[in-house]
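These notes open a run of structures that come right after.
In what follows, chain A forms one complex with chain B and a second complex with chain C.
So, the complex of A and B:
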């Protein structure tokens, strides 16, 4: 039976969105601790798309200049995780995190570091949650900040492009009355996607077993 | 996987690196603590090894460190904690100041044991350098913008004010902080050229030249500003820095200068036009002076010639009338004599016209009612102008009487009618109208009031050139032999001599109007002064007449007439001679003297005689109005040329 890697069943989507929301809420609590104010993060939807499709999705309704915090991860499934914003919104995000007492010039100076740390918190939160939920261990690299359009971020022109897919999560931030919309993208090769799906299935069946056990 | 040698080298390297390295085991205890961290934490390795990290740095429990260290152990995540977002460890630099640092937390595994590596990086230098650079840059920047005399205002693409310099206070009257967050529009009058320029500036992102606008001070007053725009982008947003230069005083000074220049120019123009006007007036005055001098000369010449002719005609007429009496009845001779008399009489008419122009004719001023005189003339006028021309006469009862010589007035009206007829060869209408005129100053007359008689035709009119010469004697537009050119000259002379004036207005194709200004009769003058002809013939009586005339020919003629009338005559060629004769000779009954004589004139003679013989009647014979007007009534009067009958009548009157 041929498995379409781009297809997620409804239940798979729900499960992944659930896991992602657990991850970002973990990140939100870290941010809250840091910022000292209410931070709301949510992942309204999840899809698996090709890198080309992902490149187009991140540019939709946005200027082509994007900024991303990137981290690679290894474990049962491997790849790169990206937190992506329009470049202008990234500064809004930093401004809302570092606070109003900093001038515009200060924020521009701090942007790179602050963005890297913020992205690190969010991506770690997601990846750590996935690892926790699935009871697996992963290794995650340090964050780096990259800039460019969608194609550059997803290395659309790279050699292995056809073989890689993107688990694409929309993410909404709300910090200090500032609304920022971004994306979390997990670039993985086909085996990693298949492994992720298999792990998600295990997760689902474990939950079902748990529920039926409760019922029975 | 290090051997013992490598282990030794690793230990040296571990202590030599310029970052802090701390390894923590899963229990949270410190297992490695390098020289660098020992230095900045002021805790040597032997003091901390084996102790809990959170005992060494109790405040670290309140940071993200416990969570990221736990994650590193549990899920293998690597984290970065920056000084920007976190207050981290209480580390101090060599100088004792706080040490700014970032911490990287990574999981590390060795011999199946998991550890967590903390890398602590000193960023104090970098941060300080950045701050110094920024402060230096800011210092330069503030030195410029804070000392700038112009207001500098930075706005975003929605025209919200983000930043202002201190000069907004004295330029626009606002406190430094008052404008922040407001719209730039509060500083502008509506419909400002700045707003479209700003929109364009954002769209084109180009450097613009200064824009002149009307701005608003805080106190609500308006002022003029030159505003230059500098467009820039930061943080993906558009900003425009506007520099406001207050040019209100310069604009006001320019306006004042412009007004002064305009005023000067208009004064100059006025001066020039006055000079032109004066020049024109002077030219007109000179021309009028020249004209009047010319008329005066012509008048004197004409008057002199006419006077001499008049004397000659007097002789001819006198002689002819005597001749007619003495020569026996013969039809042929009588006819020849009549013709000669007629010719001489026409000559006398001509000279009287010349004298009229020269204002030297004898005027018999009387009370003339125009309501009576003009209608009486109507038949004669109709006859003069012919059937093709209709005559309208309008003399209302309010029109006052005039004091003029009625015969001369009639003659003037006839002249005008004849001129009108000649201007209307195809026929037309002639209108004679009268009205009272109070103010004579309009036509340059010194005394008031007047009656105006206007004679208007519907003829071909006159060009300006013709009009200018119309009053000159001998000027005529009629063919040779058709006119004497004395018509209007006579009218002009008559009105002037009567104390009035004549004005002609005409345009080619629009007819001609001649207006006669005649002095109004005094209220108490009597309408009945129309002279009743004294037609009674005195019974012949013998008079001894002293005849004084310097012209022998005239004297002889007059003597002949007197002898013919049955009187005795003693002739004297001069006043002096006459006085001597009056002394020596038997008493005369009457003196008849010419007026114009060399030495003593007739009037002087008459006065001398009157002194000695107050009762002796004196008759002055004058060819023109050379007699002082007020004195002429003292003596009898005889107009030259005169006939024998005129002479007889004058003698009768004088002796009455």
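So, the complex of A and C:
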């Protein structure tokens, strides 16, 4: 039987989901501050899947035209973070951030700019929190805005990248009043998954040490 | 008694108005900052630049009292810019403004004797930094 090199044990999966949750909770509270509305989050999901499967997962229950703000990160592990939502909701999201006092023309003018800065704040908050939790430092690129279907967002081009395994971590968010929903996804390639696993083990053993410290 | 009176007079006297440099490559971020100033310090003058090079020109012009600098910018980043400003203006109140709340970034800002204001910007965080900045400026030039 072939063992998937990136297979996660239950405790690893659990720890990753928990760490991601801290990052995304920070992201959600940032978003909430920016739009002044309650933001609801789903339970984070962590999977090792092919790029193609990840692309299909984001398209599920969503229109095919998506817009994403993406930022790559590197450090002890590297990958890309994406804030994704249906393209049709992009103007609504921008409006909820810049406020009602701006005209539609202004909002269209500002759209790209506002998306990039919103993504920057949300993804930075998320990644920085994860870095702090893991006691590591990460460098983050400038944000860029990508439009297209799931395959375009996850750079699925050609058979090689289609079959490539990635760590895919995502959480749905929903802005209650204006009914904008979207998700935050982290994508990491296999070498990074191995590095991340080692760091997650440090994280778990630090917690175990703390616990035994409490007992003793 | 005299102290009390002096205190009251100080409160009544018009607040000094300062000139604040806002450096951020995002126009939206500069708009958010400007709107916070309209609520907190409506009389202050704002100078906006979208990159570090223009910011250094503004600072060397000698009219800037306080600098608020985004971290994640193309070219020279906010911490590098803060370090350059420190060389020529060791006492200028400077804050790095960023959603990159990594301990390392906040620590590097501290090493430069700069404040750190997290994004999304809140009036409270900005007001707290500005109050501290005003005290420092008053101390430097009584």
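Note that in this section the second predicted complex is superposed on the first by the 168 of 216 C-alpha atoms of A that agree within 3 Å, B and C clash if a C-alpha of one lies under 4 Å from a C-alpha of the other, contacts with A are read in each partner's own complex, and residues count from 1 in each chain.
As a working rule, contacts are C-beta pairs under 8 Å (C-beta built on N, C-alpha and C of every residue); 3 or more make two chains touch, one makes a residue touch a chain.
Predicted model only: the values in this text are computed from it and were never measured.
Aligning the two structures on chain A places chain B and chain C in clashing positions. In the superposition on chain A, A:131 makes contact with both chain B and chain C. By the document's definition of touching, of the two partners only chain B reaches A:88; chain C does not. Of the two partner chains placed around the shared chain by superposition, neither chain B nor chain C is touched by A:96. Of the two partner chains, neither chain B nor chain C is touched by A:164. Within the superposed three-chain model, A:114 lies in touch with chain B and with chain C [touch as defined at top]. When chain A is checked against chain B and against chain C, the one touching more of its residues turns out to be B. In the overlay built on the shared chain, the residue A:65 is in contact with chain B alone; chain C does not reach it.
By the touch criterion stated above, A:21 is placed in contact with neither chain B nor chain C.
Once the complexes are superposed on chain A, the part of chain B occupying the same space as chain C corresponds, among 111-119, 291-299 or 345-353, to 111-119.
In the superposition on chain A, the residues of chain A touched by chain B in one structure and by chain C in the other are 30, 33-34, 97-98, 110, 113-114, 116-118, 120-121, 124, 127-128, 131-132, 137-138, 140, 142.
Those residues of chain A lying in contact with chain C across their complex are 26, 30, 33-34, 97-98, 110, 113-114, 116-118, 120-122, 124-125, 127-129, 131-132, 137-138, 140, 142.
The residues of chain B lying in touch with chain A in their complex are 64, 67-68, 71, 74-82, 84-86, 102, 104, 106-107, 130, 134, 234-237. Contact residues of chain A toward chain B in the complex are 30, 33-34, 63, 65, 71, 75, 86-88, 91, 97-98, 104-106, 108-110, 113-114, 116-118, 120-121, 124, 127-128, 131-132, 137-143. Partner chain A is touched in their complex by these residues of chain C: 25-29, 31, 72-74, 98-105, 119-120, 122.
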